[in-house]
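Mind looking over this structure? Questions follow.
Chain nomenclature is as follows: A, B, C, D, E and F, assigned in order of appearance, with residue numbering initiated at 1 for each chain independently.
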Amino acid sequence: MKYGARNKLRAKVTSVKKGDVMALVKFQVTEPGEMASVLTTESVEELGLKPGDEIQVFIKAIHVMPVKE
Amino acid sequence: MKYGARNKLRAKVTSVKKGDVMALVKFQVTEPGEMASVLTTESVEELGLKPGDEIQVFIKAIHVMPVKE
Amino acid sequence: MKYGARNKLRAKVTSVKKGDVMALVKFQVTEPGEMASVLTTESVEELGLKPGDEIQVFIKAIHVMPVKE
Amino acid sequence: MKYGARNKLRAKVTSVKKGDVMALVKFQVTEPGEMASVLTTESVEELGLKPGDEIQVFIKAIHVMPVKE
Amino acid sequence: MKYGARNKLRAKVTSVKKGDVMALVKFQVTEPGEMASVLTTESVEELGLKPGDEIQVFIKAIHVMPVKE
Amino acid sequence: MKYGARNKLRAKVTSVKKGDVMALVKFQVTEPGEMASVLTTESVEELGLKPGDEIQVFIKAIHVMPVKE
């Protein structure tokens, strides 16, 4: 099975909160590894991003997709 | 500064590839911590997600936003 | 009216579930037609995608926008 | 394998265009089936969505994730 | 025509940069009006959001869809 | 602080509705400024977008991220 997504993390579920339509699942990442971001080249230049830079990475929870084997 | 995003990771940039409009930035996560996913309650039930489950987590690179302090 | 989205399907609503803030709408696609995906060239190469390949396509429900004429 | 996504379509790749960073993949849906959208309850009420309604559905290509078995 | 999106702005295109696969379009908002954000209730509480608060709003360019009449 | 997002607006919160998992926050944009959209070059050509065009811009509320200083 191969996926068209750059970021694949292994994790363990720590809590599940089911709402009427949406649910919030929390998990602990057990194998983080390398990640990737795609943004405009303009943004990269404005941020001045280069190897070695320490950054923070934000991801809205809605964009995180769990898969269970 | 506070952000309306559940997932905030600290990372170090490992490579930057600038294309004509979009760029691909890779980084190594240095502090993974807890993460969160929002999905439909229906999907949670179909997956049978519960605490302790080992899962894989997919995130398209386009949804990852770097921030530099 | 012209839209900056590659994927336009015709469909018929089959159910509507209204939650406190979010709602889940299901529909049957009546005219599927051709669809398109944008992903990193790296992912395309890792997947080895080429014409004729049979694939599965995943879309989180949150990224699907209904329009009513 | 189970995925936290409501929309899973079977499709056949018809073309692949690789750019410097991003690529555009087109495919023909071979099994459309039922699909789902999550939106605000406010939007559902403004659209007046109910079973039987004929709608158009828009999805930006960037939100479509191919998976290959 | 009615759309399942909370944010609808009127704008005038100021520049168009076409890349090999993706393009970057800039525009000046001419009628901003009210906007809306959906996030986890947890995030709202962590941010302590309440009427009257002055905030900044971030949107990745990839999530902005132009429509032409 | 620098962000990898093209669109940064200043706004004032007008209402907050907390649901069981997700919340809806409305705000009035106080400084709209220039915005940007990334879409396929194909879509740009199909729409015939060029400087001076008057467009409408749609953004699903889920893609809007508030930040508080």
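FYI, a residue touches a chain if its C-beta (ideal position, glycine included) is under 8 Å from a C-beta of that chain, and two chains touch if they have at least 3 such contacts.
Bear in mind the structure is a predicted one, so any value in this text is a computation, not a measurement.
Looking across D-F, D-E or A-E, the pair that copies the B-E interface, with over half of its contact pairs the same by residue number, is D-E. A straight line joining the Cα centres of chain E and chain F is 1 Å long. Annotation: 21 Å between the Cα-based centres of chain B and chain C. Residue numbers of chain C whose C-beta contacts span two or more other chains: 2-6, 18-24, 36-40, 42-44, 47-49, 58, 60-63, 65-69. Taken as a graph of touching chains, this assembly is fully connected, with contact between every pair of chains. Contacts from chain B toward chain A in the complex involve residues 3-16, 18-30, 32-41, 43-45, 47-69. Those residues of chain C whose C-beta lies close enough to touch chain F in the complex are 2-6, 19-22, 36, 38, 62-63, 65.
Of all the residues in chain E, the ones that touch chain B in their complex are 17-24, 37, 39-40, 42-44, 46-49, 58, 60, 62. Chain E meets chain A in the complex at residues 24, 39-40, 42, 60-61.
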